[in-house]
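Down below are the structures I want you to see.
Here chain A shows up in two complexes: once beside chain B, once beside chain C.
Now for the complex of A and B:
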């Protein structure tokens, strides 16, 4: 792909980020945890924006009940790996992006290997148990975690910058057991888009991140608001015992 | 003393957006929730397990920090405290 064609592809966002900012996107390696509803919005917009290398992890295969919201996948993908289907969809959208599918469940003993040299983590998971693995890894590696979650018409997002912000466990020291929640594609689109917006701003050095702010989207009321949060000094994942 | 509570999502449907509550000196979080539950139908079931413990689906921040590390339901409140109550969405 020639540089001229890249410049044309990104010509409507380079005024926002500058060529240097676009270059930083193109040299970034992002890890997307989950290729479901949130992962669909996240992966499409990250690929379109030109994040240079995208690793996406999911252990599941595409099922009919996914198709109301998981727009990375279509009828032809039923029964196929979500991670592989996701990478095909991203490459079709933007062949410049290097994609890596990983078919795996994120667990304590494999997360380091899965993350590799990723510089940003996007949480598109559906359970807090797995999210806390991402949270701990982000804190240990001191790399940002872009959190999102949904249920029905509602969802939340925040950006965790280790050493600077409350982490996920500060905000959610308790969490509900994982049970399938109602899920709507448009809610995934809103929260996933916020996560990508945050990642673009982080890499591009633009704007004000959702640092120490939990954004809560109420799609029934059509209201987006924030809860201000602070680090818990006793947090087992990021607290003062870590010396920060 | 007075404290301010801001509610989100399902808790807003019960409490409204924001409510200022007058409490006796020395009140704790449990006292605040119990007082609110008397005048707001459905709140008790939304915040308490049958055992009386706080539900995992009720996150409460006291002055921006989760109450779990501030004594939970026994967290001591003081004049001007700001509380936020919201659910943890978990799906993806």
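Now for the complex of A and C:
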């Protein structure tokens, strides 16, 4: 792909980020945890924006009940790996992006290998067990974690910058129970878009991140609120940053 | 008795409840009395998450229902 063609592809966002900012996106390695509803919005927008290398992890296969919201996948993908389907969709959208599908469940004993040399982590998971693994890994590696979660018309998002912000453990001191919940594609789109917006700002060095702020979307009322959150100095995951 | 105001955010208009509890009770006890499963919420005091096993102090707390799907 020629540089001229890249410049044309990104010509509507380079005025926002500058060529140097776009270059930084293009040289970034992102780890997207989950290729479901949130992962669909995140992966499509990250690929379109030109994040250079995207690893996406999911252990599941595409089912008919996913298709109301998981727009990375279509009828032809039923029964196929979500991670592989996701990478095909991203490459179709933007062939310049290097994609890596990983079919795996994120666990304590494989997370280091899965993350590889990723510089940003996007949480598009559906359980807090794995989210806390990502949270700990982000803190240990001192790389940002872009958190999102949804249920029905509701969603939440925040950006964790190790050493600077409350981490997921600070915000959720008690492990929230994951229960099956209804899921709407548009809610995934809103929260996933916020996560990508945060990642673009982080890499591009633009704007004010969702640091120490939890954005809460109530789609029934069409209201986006924020709750301020603070670091817990005794947090088992990020408490070691105390005093920095 | 300790007077506490619960502001519950669960996806619609906030619900506000005034409650009185015995000294020595924890926020988890308070939530159970209010009929709220402590495993599904975050408790905030002045915007700061607080441990549910802290003893209840007078004042207002916010109870925010966590969502977890992706």
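In this text, the second predicted complex is superposed on the first by the 239 of 244 C-alpha atoms of A that agree within 3 Å, B and C clash if a C-alpha of one lies under 4 Å from a C-alpha of the other, contacts with A are read in each partner's own complex, and residues count from 1 in each chain.
Here is the rule we go by: a contact is a pair of C-beta atoms (placed from the backbone, for glycine too) under 8 Å apart; a residue touches a chain by one contact, two chains touch by 3 or more.
Worth saying up front: this structure is predicted, and the values here are computed from it rather than measured.
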Under the stated touch criterion, which partner chain does A:21 make contact with: chain B (first), chain C (second), both, or neither?
neither
Between chain B (first) and chain C (second), which does A:126 come into contact with in this model arrangement: first, second, both, or neither?
both
Touch check for A:162: first (chain B), second (chain C), both, or neither?
neither
According to the stated criteria, A:101 is in contact with first (chain B), second (chain C), both, or neither; which is it?
neither
Where on chain A do chain B and chain C both make contact?
34, 36-39, 123-128, 148-151, 154-156, 170-178, 181, 183, 188, 216, 218, 221, 225, 227-230, 232
Chain B partner, complex, touching residues on chain A are 34, 36-39, 123-128, 148-151, 154-156, 170-178, 180-183, 188, 212, 214, 216, 218, 221, 225, 227-235
Residues of chain A defined as touching chain C within the complex
34, 36-39, 123-128, 131, 148-156, 166, 170-179, 181, 183, 188, 216, 218, 220-221, 225, 227-230, 232
Where on chain C is chain A touching in the complex?
9, 11-13, 37-42, 44, 47-52, 62, 64-70
Sites on chain B touched by chain A in the complex:
6, 8-9, 12, 54, 56-57, 59, 61, 63-66, 68-69, 84, 86-92
